[in-house]
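Mind having a look at this structure? Questions to follow.
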Amino acid sequence: MYGKGLRALSISTVVVIAIALALVFFWVPLEAEQGFLQKIFYVHVPLAIVALCGFIAGGIFAIQHLRTREAKWDFRSYVAIHMSLIFGVATLITGSIWAKGSWGHWWVWDEPTLVSFLIVFLLYATYQPLRFAIEDPERQSRYASVFAITAGAFVPLNFIAVRASTAYVHPRVLGATSNLPWQMSLTFLVSLLGMALLFTTLCKYELTAKHTRAQLRALRRLAERRTGTAETAVPRRGRSAAPSLHATAMSANAQHHAAEPGGARTGLR
Amino acid sequence: MSATIPGSESARRPVASGERADGRRGTTPTLNVVRALLRKELLVELRTLESVPGMSLFAVTTFVVFHFALNRNSIDGDLAAGVLWVTLLFAAMLGVNRLFVADADQGGFDGFLLAPVERSAMLIAKLLALLVYLVVLELVAVPAFLLLLAPSSDHALCSLIGVLALGDVGIAAIGTLVAALAVRTRARDLLGPLLALPLLVPIVIGGARASSPLLVLGHAGSPAARWLLTLGLYDLVFGLIAYALFDFLLED
Amino acid sequence: MQIEQGLAESPAVPRRGGGDVAESRDAEAVRAVVELDRLVRRYGEREALSSVSLSLQERQTLVVFGPNGAGKTTLLRVLATLLRPHSGRVEVLGESIPERAWAVRGRIGLLGHEPLLYRELSARENLRFHARLHDVSRERVEQLLAAVQIDRRADEPIRTLSRGMVQRVAVARAVLHDPELLLLDEPHSNLDPAATELVEPLIGAASGRTRVICSHDPGGGLAEADLVLGLREGHPALLAPARDVDAATVTELYR
């Protein structure tokens, strides 16, 4: 269910990123003011955009989870937010490098993107501790979804507020994508595409891996129930912040059959 | 005497609200529920005095600490607005932490969930209660602030109250949502503020920027409309979100 | 052997005091207060309740036995609409849970391990609060305070009352809105014999309500039961009319 298309996705990701890198390093002209350092722009901004979209996607998946109560949506929400957090860290790091290179400071308050990113990052950094602090898995998923939706709505609002409050001391090259010469725009778009593909591929990998592991556990549990031997015994899962794709993700049949054996023996319908 | 009680039809006598023709009670009207909850909330607070005195004392103490930390006798403008809002925010966190504790520990959630009521009534009641606590907090903290740290500023009190009111609604909405989220987790005292503070940054931005022209030496200006708009928009969006999501937090 | 036999029988239970099987089948068609069909409730990977099915008629008493952690409290909470079923069908008072849970909440009374009372408020204030939530009159509050004989100390905070008294107030809270279905989790814990007698008309068989009781007392529990359910690790190990079950069978559940 999760695995198909993974290979095609991975290949296209590698291809697009390779093209983007080639464009950035060999083709696109140097920017007048900042020189070579400006090339970070092609990494930093796509990272930021993809991370922000990822956070919002996490919120949308969470809405689906609350509506349908299916574990798979919580799963997607978790992976999206997880991955966006990683991309977010990368955004902050690349932004910091650029700030240091351009203005001599490792951090500047004048870039609204960077600042609102910091706040968003601080917020989402509490996502995992929140999940870990709730033991009941169903409640964990539900509370995490509530958080994801609130935080998802927060992202644009925060952006607006910070932007309104930031004094534009330095020219905002980060945001000025509209005035770029066409070579830069093209390279930027290719980078953006590559970054988006990378995000999606990584998410898919994580989803597939976890799903396969969950299916394996379910099968082992089924085997344990039927044979009841120590070999097939399934180790208890410890406390975890990650959602468990337990039986609801499996077909309803598997669950139903698992419940039958005892009943069939004693004639209970 | 006791033998006459059970199952007696007289028990089903209606209160003021109407009873359906078939004699079966429907859902209790939300207004009554909110009133009952708010009343209970304020009654418990009055008896235990857990939240409001602590919040107020914290705020005043913090102003004193700021005096020493900043090494100034008086502050105004941006600095004054910042100190005021940060202190109010942190004091509010104390209230947020205690908001649902009594319910979580003494079975208040179950008791409420068993009743035939609209579940968002609890959100409304708790939000109003937190609002009341914030108002009382400000009744103590703002005069203390003006006395201790900003005596020379020409404070436009009415406008300041307006800005504070707008900010309070946002703090109450997010505070209630986050409090309900955090109370039934393991690290409940830590998670509350940790979740709430980033979410409340826009309130700080809007509130502080709007208040800063009100706390200047000499002639006080008026708050820029865009900050009031930011506060209003925030209140609206998160008020609605809290309303939509709260029910999901109540279930077991 | 007895357990297997119990499982093989259909759970239809004739009324206490006689009536033949055919008559009871008609009664079954009339109205089951609680109808469970393969109810499953999970806690993470574990099944807290595995495929529980039963049917409880009006005015009857179901007693649930089982060791700690067997799922008794979970079952009670599902019936109280506090927990959603994960699969299977649950019907309480004719309404399907969880879709129509809101329609039956005012008609169910739960008396769990927690009294669900605010410690800083008095018995009267607590009951009045619940009365307002359930849209019940003040007179009813006073009636119940008198019935459980708390009226003399009704204005002192709950935290100053003894456990027995708190339990009595909890009973009053549970029946305040005159529920049709009573869910009781070891109701007689903390109650001395005099108090037990006191609350009998409210929550006992004489109250005329349909009841589901979780009990650890085979003798006492069986005496009150019309239908017996034995849970072991979430599985329904025993389901039979009370007359077919003896104390020894129940005790075996706990092994």
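We just call them A, B and C in the order they show up, numbering each chain from 1.
Note that contacts are C-beta pairs under 8 Å (C-beta built on N, C-alpha and C of every residue); 3 or more make two chains touch, one makes a residue touch a chain.
Because the structure is predicted, anything quoted here is derived from the model rather than measured.
Chain closest to the overall centre, judged by the mean of its C-alpha atoms against the mean of all protein C-alpha atoms: B.
Compared on C-beta pairs in contact, A-C and A-B come out with A-B as the pair having more. When every chain is reduced to the mean of its CA atoms, the largest separation from subunit B belongs to C. Our note on geometry: subunit B versus subunit C, Cα centroid distance of 38 Å, whole angstroms. Work out the mean CA point of subunit A and of subunit C, and you get 46 Å between them. The mean-CA centres of subunit A and subunit B are about 33 angstrom from one another, to the nearest whole unit. Along subunit A, no residue makes contact with two or more other chains. Under the contact definition stated at the top, the residues of subunit B that touch 2 or more other chains are 251-252. Subunit A meets subunit C in the complex at residues 136-138, 217, 221, 237, 244, 246-248, 252, 255, 259, 262-263, 266-269.
Every residue of subunit B that touches subunit A in the complex is listed here, in rising order: 177, 181, 184-187, 191, 194-195, 198-199, 201-202, 205-206, 209, 226-227, 230, 233-234, 237-238, 241, 245, 248-249, 251-252.
Residues 4, 7-8, 38, 40, 42-45, 50-51, 53, 86-87, 235 of subunit C touch subunit A in their complex. Across the interface of their complex, subunit B is touched by residues 77, 80-84, 102, 105-108, 110, 112, 114-121, 125, 129-130, 132-137, 139-140, 143-144, 146-147, 149, 157, 173, 175, 177-178, 198, 201-202, 206-209 of subunit C.
Residues 1-3, 5-8, 11-15, 17, 24-29, 32-33, 35-36, 39-40, 43-44, 47-48, 102, 106-108, 110-117, 251-252 of subunit B are the ones that touch subunit C when the two sit in their complex.
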